[in-house]
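See the structures that follow.
Consider the two complexes below, in which chain A is the common component and chain B and chain C are the respective partners.
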Partner chain A sequence: MPTINVNGADIEVDEDGFIVDPDSWNEDVAKYFAAQEGIKELNDDHWKMINYLRDYYKQFQIAPMIRKLCKETGMSLKYVYELFPSGPAKGACKLAGLPKPTGCV
Partner chain B sequence: MGLSLGKNGQYNPDKPTEDRITDIGPRHFWQYFPPAIQKNYGKWDHHEILEPGILVHVSETGDKVFTVRCGGCRFMTVENVREICDIADKYCNGFVRFTTRNNIEFIVDSPEKLEALKNDLLSRKHVSGSYKFPIGGTGAGVTNIVHTQGYIHCHTPATDASSMVKSVMDSLFDYFTGMTLPAQVRVSMACCLNMCGAVHCSDIALLGYHRKPPVIDHEYIDALCELPLVIAACPVGAISPAKTESGKKTVKIKEERCMFCGNCYTMCQAVPLSDKLGDGVTILAGGKLSNRISEPKFSKVVVPWLPNNFPRFPEVVEHVKKIIEAYAANANKYERIGDWAERIGWEKFFEKCGLPFTEHLIDDYRLAYDTFRTSTQFKYTEAAWAVSKSVGGID
Partner chain C sequence: MAFEPKREEKALKYEELRIYTDEELKNYSEEELKNFKIKHETPALDELEKGPWPSFVADAKREALHRKKLDADRMMTDKDAVDDLLGQLQLSFDHGETHWKHGGIVGVFGYGGGIIGRYSDVPEKFPAVAHFHTIRVNQPASKFYNTDYLRSLCDLWEYRGSGLMNLHGSTGDIILLGTTTEQLEPIFKDLTHVMDTDLGGSGSNLRTPSCCIGKARCEWSCYDTQAMCYELTQYYQDELHRPAFPYKFKFKFDGCPNGCVASIARSDMSFIGTWKDEIRIDQEAVKAYMAGDIVPNGGAHKGRDWGKFDIRKEVINLCPTKCMSLEDGTLKIDNENCTRCMHCINVMPRALKPGLDTGVSILFGAKAPILEGAQMATLTIPFMKVEPPYDNLKELIEKVWEFWMEEGKNRERLGELIQRFGLPKFLEAIGVPPAPQMVRAPRSNPYIFWKEEDVPGGWDRKIEDYRKIHKR
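The block that comes next holds the complex of A and B.
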């Protein structure tokens, strides 16, 4: 599998650019992905979303439903798309280092 | 050819949201209607099938439009689509439409144009000899096969779609260009039991099927997959959480419970189950969608498994032909395959079609009880006598 180089550390990613091992995530990885997604700077709301996703994943080992995510963070889906132009799954989950969404996507 | 430089210029990867157009939806269908269709919209009086593949619709205003339906292979190159456009330009003022079964329909307004169009369509062949635009697919025949991606593009198939559809349509070609059956026969194909398309509600359905449980990649599963999703994906509860010897999180599968649906692989790429010898094709029959005479029906499994015999699938073709021929010889006019099977009884359906009945066909999933026979009403068949004799019953 290909790797990306973030601040000197090699991190394994799949062909869609999702990191393979959630444990290899750090804040620099999120910033690296943000640049690719066309996000200029990660603001507080970005981090709130990323941290929420990571905490939820740590607790339940799955990504939260969109409804749950909007309710808990208080952000509307429209605002989530403003923060992460590629959406909650391909954008936010990728930045948060969660596994790639599966199923008939 | 260069990149598109339309009014918003070239896509700029540094500013992905700049000049971005979204949520504009599909084009309105009205702008692609031939003038005759626009003029008579909502005013059609009646229609006739002039001959297989050719329809005429007559409007209250007296206008007539002639439709020529030809088979489409669904997977098409741009070159193929351009040829369709050329034909449409030549005869139909640039208008053409596709049907819900992926046939192509050319609409003309005069019998002279119709004749010229027909001759042109039938003269076009691929270099290898097959018709590019065979005319047919109307009335009581076999029209196009609704099918899926198969090995061309999907990651969960148990068989291939396009090649099987080609083989089956080759053998049913006379039914496509003729209207000789008691009612229309809808054949569908799906390459796994996600059943994308119409296999669960078709007269004859071909379905890719696995026969071996998934192989678990314990090394990567926790990193790649959301384990609770994998566990919840199983319809029979065969998957449970587990730990590897090195303490990594993984899942375990009770193989005797697994029925090889592949749903866990849809959710998690670390449990692949495709297998060269295990995978094959199941045939279902007797489904329908319309409400004509009888209500819509699900199709039922009639052949549990046939091998994936690439590239021509002779076993599958043979079984499909067997069912259609038995149906054509025995059913009443207007009876769909499901109507016929229910009228004569499924035990007679198996006898007429020459299909063996095995334990695989007996439903054993949750609501199975309703599918058993809770009645003494049945007909003796050769197969029933054979069972009776084998246990020393009545001669």
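The block that comes next holds the complex of A and C.
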């Protein structure tokens, strides 16, 4: 498995760049991923989404469904793509340090 | 009304777009191919070059040789992609197991689907397929092409991918089989800017719609399947590219009940052309069939001697509702009792035609077995008129989506949601009154739910009142 180096710490990631262990996440990891996912700077709404995803994952050990995510953050799907150009799964979940979405993608 | 695309199609000229010269495209001889060995030993695959059917192994080897002889700087991915793919496939034949890793999330900015990421689990052995992502490209309705388009696409794919394709994926897309993550954005840019073509769908969204050949060259098509497929694809681009649903959702458009895109089995929302008025009969042609002047079924059974055409045996007695008869050499159809199964029309296409008052039946909920068992679609809208711009249809689709997006559980297909909630609830959600045509048979058990407002007195009862009449 490849690793990334964030502020001197080696963090394991898979081929798609998702971190393998959600506990190895910190805010610098999110900042590190932002550039790869087409984000210049993380603003308050980015963090709102990231924190929402992390809290939801902590509580339920699963990523929320898109509709729930939009409802509870009050962001439209269009706005989510404006924030995270590669979308909620590949973009937001990756920055939030959630495990890679699976299934018939 | 003839179909008019809303925007002008970009006319592609291969001579302007081509990447490779003729010499590069024809860079090997049949003699060289005979002596050609790919990088790996593939004894099991070599067996599959024998026999009469076109061999995917033989085709892949041609591509491997072609790439071997192209200059490395004339392509953006590994020259050995096809060699390594065959090598890994041989290894899978040896092990009886796949050698692709689980999952893979890659894509292009702005979209949440369209590309299926794939990585080899033996990348050290087969480095050229370490990344081997699949790109779904939205096909034109009914898959009509000209060679300028296909040759331009082939050049692009040779340059930025493995050169291997799937024509087509079962949902309908053109499948570009195998490239690296770095090439995804450049391919997307070339597809959109140069080829005027977009990606198809993948993930929990509207997948690429597809249709039968329709009015393009079938006299039975009851509506313009291509126009409807194209219009709905364009209209629902957002739903196609950015997953917003509980799970996948597919549209398919069949022009008649013959079901040439199998919409009844392979789409969540199946559109099947039908008609309301009478089957058109040309009695002269019926006589010609009976006299043996025209072969039945358009000659489909010529491969064997089935004897002289017998209209009673092959048409009248096979009619599922027995609504046909022959009176003094004249064919009669009791259209009130016809279920539009297409059989008689299929047997005598030159004598019988669908009616002129045409539209679609809409069926919902087909899916493969996972999780709750396979389902074919259930008839829900027996008949609906469809004319561009299909506003009535869009209204219905949006009601269906609203209901499913609100109530559907994570990874629950529409068919399963309808099972869980029951058809009456679904009908209520989409505003359609129940009709006998929606069931094959009435329920046989008596577990019937009633709405409180439909029952005099409602559900609030006091046991004391009951005890006044019935002693304990």
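The rule we apply is simple: the second predicted complex is superposed on the first by the 105 of 105 C-alpha atoms of A that agree within 3 Å, B and C clash if a C-alpha of one lies under 4 Å from a C-alpha of the other, contacts with A are read in each partner's own complex, and residues count from 1 in each chain.
The rule is simple: a contact is a pair of C-beta atoms (placed from the backbone, for glycine too) under 8 Å apart; a residue touches a chain by one contact, two chains touch by 3 or more.
These numbers were taken from a predicted model, which means no experiment stands behind them.
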| item | value |
| --- | --- |
| Which superposed partner A:Gln61 touches (first chain B, second chain C, both, neither) | first |
| Which of chain B and chain C A:Thr102 touches, first, second, both or neither | both |
| Contacts of A:Asp21 with chain B and chain C, given as first, second, both or neither | first |
| Which of chain B and chain C A:Leu77 touches, first, second, both or neither | second |
| Touching partner for A:Trp47 - first (chain B), second (chain C), both, neither | neither |
| Which superposed partner A:Pro85 touches (first chain B, second chain C, both, neither) | both |
| First, second, both or neither for A:Gly38, with chain B first and chain C second | both |
| Chain A residues contacted in one complex by chain B, in the other by chain C | 38, 62, 85, 100, 102-104 |
| Touch list for chain A against partner chain B, complex | 20-23, 37-38, 57, 60-63, 85, 99-100, 102-104 |
| For the chain A and chain C complex, residues of the former touching the latter | 15-16, 18, 38, 62, 65-67, 70, 77-78, 81, 85-90, 94, 100-105 |
| Touch list for chain B against partner chain A, complex | 13-17, 194, 220, 223-229, 249, 266-269 |
| Parts of chain C lying in touch with chain A, wherever the complex brings them together | 101-113, 116-117, 119, 131, 202-204, 238, 242-246, 248, 405-406, 410-411 |
